[in-house]
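For reference, the structures are reproduced in the following blocks.
The same subunit A turns up in both complexes below, where it pairs with subunit B and then with subunit C.
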Partner chain A sequence: MTLYVLRRLGAGLVLALLVTLITFLLLSPSFESVVRERLGPTATPETIAGMMTELGFDRPILVQYFDWLGGVFTGDFGRSLFTSQPVAPAVAARLGVTLSLVVTALLITVVISVALGVWAASRGGVADKISQILSLVGYIVPGLLLAIVLVVVLAVNLKLLPAGGFTPFSEDPARWAASIAMPVIVLVIGGVANMAAQVRGTMIDELRKDYVRTLRTRGVSTTSIVIRHALRNAAGPALTVLSLEFIQMLGGALIIENVFALPGYGQYAFNAALQGDIPIILGITAFGVILVVVVNLVTDVVNGWLNPKARIY
Partner chain B sequence: MSIEELSIDPGLAAPPRRSPFRKLLRDPQAVITASLLLVIVLLGLLTPFIAPHDPNEAQLSAINADPGTPGYPLGADQNGRDIMSRLLHSINTSMISGLIGASVALAIGITFGLIGGYFGSRLRSVTEWVFSLVMTFPGILLLIVLMPVTKGDYRFTMLIFGVLLSPGIYRIVRNLVVGVKNELYVDAARVAGLSNLRILARHVLFVIRGPIIIAAAFLFGGAISVQAGLAFLGVGSTLVPSFGAMISEGFLNLYIDPMQFLWPSVLLGVITASLVLLGNSLRDAFEGVKLKPAKIAAPKVEQVAGRAESRPSDALLEVDDLVIAYPTPSGKLNEVVKGVTLRVNAGETVGLVGESGSGKTQTAFAILGVLPAEAVIVRGSIRLEGRNLIGLSERELRQLRGRSIAYIPQEPMSNLDPSYTVGAQLVEGIRATTGLSKREARERVLALLKRVGIQDPKRTFDSYPHQISGGMAQRVLIAGAVASRPKLLIADEPTTALDVTVQAEILDLLRDLQAELDMAVVLVTHNFGVVADICDRIAVMQNGQVVESGTALEVFREPKHPYTQKLLGAILDEATVRTDPPVSAGALAGGTTR
Partner chain C sequence: MNSLLSRPRALTRAATAALAVSAVLATAACASSPSNERPGESNGSGGGLGTAELTIAVAAPPASLDPAQLAEGEQAFIWASVFDTLLAVDQENEIQPNAAESYEYSDDLRTLTLTLRDDLTFTNGDPVTAEDVVGTLERTRTTPSPQQPKLAKVSSIEATDERTVVVNLSEPDPGLLSYFAQATGVIGDPETLDEESSTLRPVGSGPYTLADATVDGSEYVLERRDDHWNAEAYPFKTFTVRVIQDRTAAFNALQAGEIDAGRIQPQQRPQVEGAGLTVHEQEAISSLLIILADRGGELAPPLADLRVRQAINMAFDREQFVETLFQGVGAPTVQPFNPSEAAYNEDLEGTYDFDPEAARELLADAGYEDGFSLTMPSTVISQSFEPVVTQALADIGITIQWEPVPPQNTASSLASKQYPAALWFMGLNVPAREVADLYAPTGFLNPFNYEDPELTELFSSIANEADEAAQAELYQELNAFSVENALNAPIAYIGGLWATTEDVDFIPEVSVLPTVRNFGVVEG
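Moving on, here comes the complex of A and B:
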């Protein structure tokens, strides 16, 4: 088991290194223009060259990358080119906002999707119709439009929820919930449309398997067959979908949080990219990759544990 | 016709059926969404001719002009730009986004899917790794982060987005190709000397055509949404009119003029919704029947009014005029069991014999009440000790299952839940029917496992199904079936999936258990040898009907129905070929039927 986790962790590390290296290489041609931008219109070739040297941009690219990497391993992600703030705490704070959104949405999505998917697969008829229509509606309505409609209706017209801003959970849980309610609704609707259909599909596959019939002939109750057996076997494939859903929601959240003026990852990344704040861009990429690696690792480990054939003792 | 043409004919690959495109034409959802998209695309193409203004032409006099202002049919935005012109130009922006995103994803995904699926596994593991790497990264974040590289050009951004979408296509194509690669007709083409490239182009592309068209619709829609989202954020040039940018500006201007927000939203909504719905229609047309839910319930019964009453009976099981049907795609019922009548007395063994498709397994499932969800019992009765089982609820049937009727399946491995240990599955069955405590049930299971001939019951108890052999799994299933001492055991081809040596042992075990527990056994089989071994009486089924029944001795000595004679003849033939020495009585017996 330990070996397995270590191997997966190793693969994740390679992924993180590759993605940051590629980002670094892609960004490197724009270093000079970033410096020029920062110095403003009065910059002379000399001052630009001086600044390039000061920031270390004149060294070979790989040397710069490994220098940055060395810092990362000691927890130092560098400082913003424009504000001189250290990158790591700033990125972590933004990530916290986005994650509180995504994780909440993901949990709700799982509960609704499993309930809806299992209900549809094992009952058929009206249950199935309802779940399919819900999925379709979730697919059809673009999240962006839904978000705006929610702001207009719930925040502006009905004044039920704050139109924007974020209150940390530690400060006031009730206001925290209110501040993320609308973005979470948007993410959940998109997520459920996707997940519920997946759960339904894998559940139907399982319920049509031979062992289900055999369990029935032994007098085992329908509830136990659906929940203990079929759902248990469907959990593996569903979990893989869930990890992809997480990544997709993370992407979706970047756009959605802008509608609700949440100080999250997306806005931060956007501003940094607009300015060409290289250290922040790299920090954001690195945190993003680490997050993805961790999620995939957890998925793999849980999947390995769920499937007796893959289980390592 | 040359060999090549013969082996290439796609008709050989798949049975001829109605063209999916013709099906699409009959689907109103497909026709409506496709027409809507066509109109929108046409409007986009005609934009240079029909747009009243340049999309970026700002007129101070027109700021926030109302719809209907001369020259501004839909009004103007807060910069005094014509909304209709901007809408028309935005159509082109989103269509180009969709085109770039989808075609890049398709080109990369298909190319590497074909390579990864068709050629060796070493190459595959490399492509696999690269694509799973791409798949795990949050694409939108990357698109934002790379803004200094793309300079915000939406076409470049969509190109990268296409790369990010390609793993999905890669997986679809790779799976299809791996599946089709080992088909006989591809082997035939290879033997006929066709180059890999031609096989790929003609056979494999034919198979992946449908899924690719479906995926393309969803990719197109996905790319359009993402482009709109990015433009909403502000990624990209302000000079490029797009729905995202218009929605963003309209959003800021919402209180002054909500219509400015509404127009682009509606158009974007219509485009993405049409693409999703069209994608669904395409899926229906190309992939046919949708996945139907698998409701766990007692079989559907068509005729409720005339349900046969229960009545006292001296037989253990009486099946009378049982008709089972399945609905065809056109909605009509297709009968697979056409009036089966069968009688089983307590403690006797009855062989239900017939070729595959004769309806014997359907009959067995009907007796157990575990027919597939689609099946309909059209008429007839199934009486267990006089009580009619047809029309009972799943709950009522559950009371009988395990205790009164039990079942041994054909394929041992697939009939065990892979996620639970053998012991846990058996314990659950026993506890469901007897109400024993966990520990008592465990003792009982261990004893049963020992009884069915498993050497190390404790070890098997704690094993997962994949850790035991097929023969052992079948013994486990037999243990599960007899655990609650049923009166009637239905064994569906219990030895077919097993090795010949194991077959004999399993039959011996069944015979011993039957005598020991005084059960009646219905043995469903296509093998007369098995029947001869252990059956008291025989019912021969053909084409959904019992064509002959009698004691084993009668049927073997004087088969009356021609089908029975043919079956018996075939068995003797088989025996001759398999076991007997070249010159023997067996060869003579075989000779008579030739």
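Moving on, here comes the complex of A and C:
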């Protein structure tokens, strides 16, 4: 297993290298425009040339890439061309904001989805109808709209929660919770709609299988059958959906971050791309690829633990 | 429209006269002993220092705070708080002494002598000396940066004593004083300027210092330095600048009381007023114009013909533009110059009234009765105006092809000489900077390096004119030349709206450099 994990991490590293290299190559034609943008309206050909040299953009593309890569291996991702912020701590801080949203939202999503899905699958009838309607509604309501309604009602009118901004957990846990409450609600509703349906479906399949009948004939209690046996088997596919949900939430965070004025990863990536802030774009790409690789790896390992048949190592 | 612009203009004239007198008095006082009369000091609340707090929202984080790398615009809220500038632009757009308590040009306008105040200190406690000013300026002059080109005419800078800085010029530069009143004129601490930390936490001598609570890129917390020489002019003890990119989010934060002031869009106005906030209007902060860059006809031969350029100027129903596109927050204009500055000439308005028929005739006279087509870059600036511009020009027979340009290539789309014309915003400034940008052979808004003997002559007369009133007349002459020759096609001045809570006042006249000085405490 250790070997498997190392192999997967190695493959992830190669992937990260390729993706950043391609990103770098795609960005390279606009280096001069970016420098001009940075220098503003007073830029003269001399200052542009001067800054190109200072930033090393006048060197061959591959030399620049490997120079950047060399820095990365010593932990130096460079500095933003525009704000001069060091890339690694800046991206990490932004990622912290987004992850605290997404991870909290995912945990709540799991609890609600499993409860709802299991309830619907094991009870059937009205319970099933209710859970399906809830899923459908959650699926239909656009997250953006919900976000705006929440801000207007909870923050602007009732003044219960802050309208935007982020307080780190380490600074004040209560204010942290208040600052992420609304975005988490939005993410959870979208997430539950997806996952509850998934849990319900696989649970129904599992409960119809022969081994469940065998367990029943042996006198095993329904609770035990549902929780210890069927759910464990149904958890595999649900986990895969969860990992996809996680990656989707990271990407979809941009809209949520904008509405709630959260200084998160999505917003940062978007702005960097608009400005052409090359070191930031590369840093975000590298962090993003590694995050996705790790999430997928964890999913596969947990899947193997849940279901030895699914073990690929 | 005339009433809209003439009102502040009349005010400005009276104020300018009053100011000229007080400036003379101030300089006279400076010569004998350091004066206690500082411009704008009345902003403070009575005797002691104000204790109010202010939180505002801006749309984007500031660029590097390295003096050479500073950018103007909303970013000035932060850097103008951290640094002292040598000179300052006051509420009437006049240049005033600031960290330099006096300044004087030699008769040939090639030597500028600045005398520093004797009570300037950096945040680390060191006094600010003439050497520090020389160090900062010398570094800016030799570092490829946004500020470097502004010192292009400076040949050397020297400190003749502790408080005297002498700037020698290779040729007179009418823009230099305004540069020293804005980003180029900040005083950094040469000992720390090259350290990486100074891009985020610079050592300055300004009225505020960045507190530890600052989160780079999202929240800048500025604490007032109560021992700053001009602390009384800053009523806010804490000034927080939050970066909120989304306009709706900023508006929500305003309504929820999390920020005290922020820009709003004209269409948000009724809602904002309904929520009990005060709306303040800036009549003109930038101008919208079509840069007819290719006046020589290299790419688009029709543009070389004066009649064609005049026809383009006559194609726009400017009043309608302002009403529909800017909800009346702005004013129609045929001249791109700051309406509260010397170059503005009210008599020029009306030169190109909306007259598509006459425009078509002019085009026919020029030999383009079947019209022609023109390619313009479609940028983040132009996008929302493209349909109306296309329509207006189509009515006189000119077909516009918009070529999409990615956001990071906006500036280079104009500078690259790829497009004969472009729809652009020009931030309003003092005339020296506006004329340099628009019509100097190296101006950013003159990418085809257009020159004309009469213009060249005017530029040199302006540069060599020491008398302000005579210089103002020359600026007007240059403006008239540019309008009569339809060098560009200005469309409108664009205003801005700020919403504030009821205890915060906004002083809209300060349009050149947005700073914390734009805000005041409403005495209640």
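As a convention for this text, the second predicted complex is superposed on the first by the 308 of 313 C-alpha atoms of A that agree within 3 Å, B and C clash if a C-alpha of one lies under 4 Å from a C-alpha of the other, contacts with A are read in each partner's own complex, and residues count from 1 in each chain.
Definition applied: a contact is a pair of C-beta atoms (placed from the backbone, for glycine too) under 8 Å apart; a residue touches a chain by one contact, two chains touch by 3 or more.
A quick note: this is a predicted structure, and the numbers were derived from the prediction, not measured.
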Subunit B and subunit C placed together on subunit A: clash or fit? clash
Subunit B versus subunit C as contact partner of A:84, first or second or both or neither: second
* Asked: After lining up the shared chain so the two structures overlap, which partner does A:224 touch, if you call subunit B first and subunit C second: first, second, both or neither?
  -> first
Between subunit B and subunit C, more residues of subunit A are touched by B
- Message: Just to be sure I read the superposition right, which of the two partners does A:208 touch: subunit B = first, subunit C = second, or both, or neither?
- Response: first
| query | First (subunit B), second (subunit C), both or neither: which does A:34 touch? | reply | both
Kindly classify A:44 by the partners it touches after superposition: subunit B alone (first), subunit C alone (second), both, or neither? second
Margin query: A:5 in the overlay: touching subunit B, subunit C, both, or neither? Say first, second, both or neither.
Written below: neither
Just subunit B (first), just subunit C (second), both, or neither: which does A:148 touch? both
Look at A:261 in the shared chain and tell me whether it touches subunit B only, subunit C only, both, or neither; answer first, second, both or neither. second
Touching A:165 in the superposition: subunit B (first), subunit C (second), both, neither? second
Both subunit B and subunit C touch subunit A at residues 30, 33-34, 148, 152, 156, 258-259, 274, 276
Interface with subunit A, subunit B side, in the complex: residues 133, 135-142, 144-149, 225, 228-230, 232-235, 244, 247, 251, 254, 261, 265, 268-269, 272-273, 276-277, 280, 291-296, 365, 368, 370, 372-373, 394, 398-399, 401-403, 405-407, 409, 411, 414-420, 425, 428-429, 432-433, 464, 466, 477, 480-481, 483-484
Counting only contacts in the complex, subunit A reaches subunit C at residues 30, 32-34, 36-44, 46-51, 53-54, 79, 82-86, 90, 93, 148, 151-152, 155-156, 159, 162-166, 258-261, 263, 267-268, 271, 274-276
Listed in rising order, the residues of subunit A that touch subunit B in the complex are 15, 18-19, 23, 26-27, 29-30, 33-34, 120-125, 127-128, 136, 139-145, 148, 152, 156, 200-201, 204, 207-222, 224-226, 228-229, 232-233, 244, 247-248, 250-252, 254-255, 258-259, 265-266, 269-270, 273-274, 276, 281, 284-285, 288-289, 292-293, 296, 306-309
Given the complex, residues on subunit C that touch subunit A span 60-66, 69, 71-72, 143-150, 152, 196, 199-200, 215-219, 242-246, 248-250, 252-253, 255-258, 406-412, 415, 437, 442, 444-445
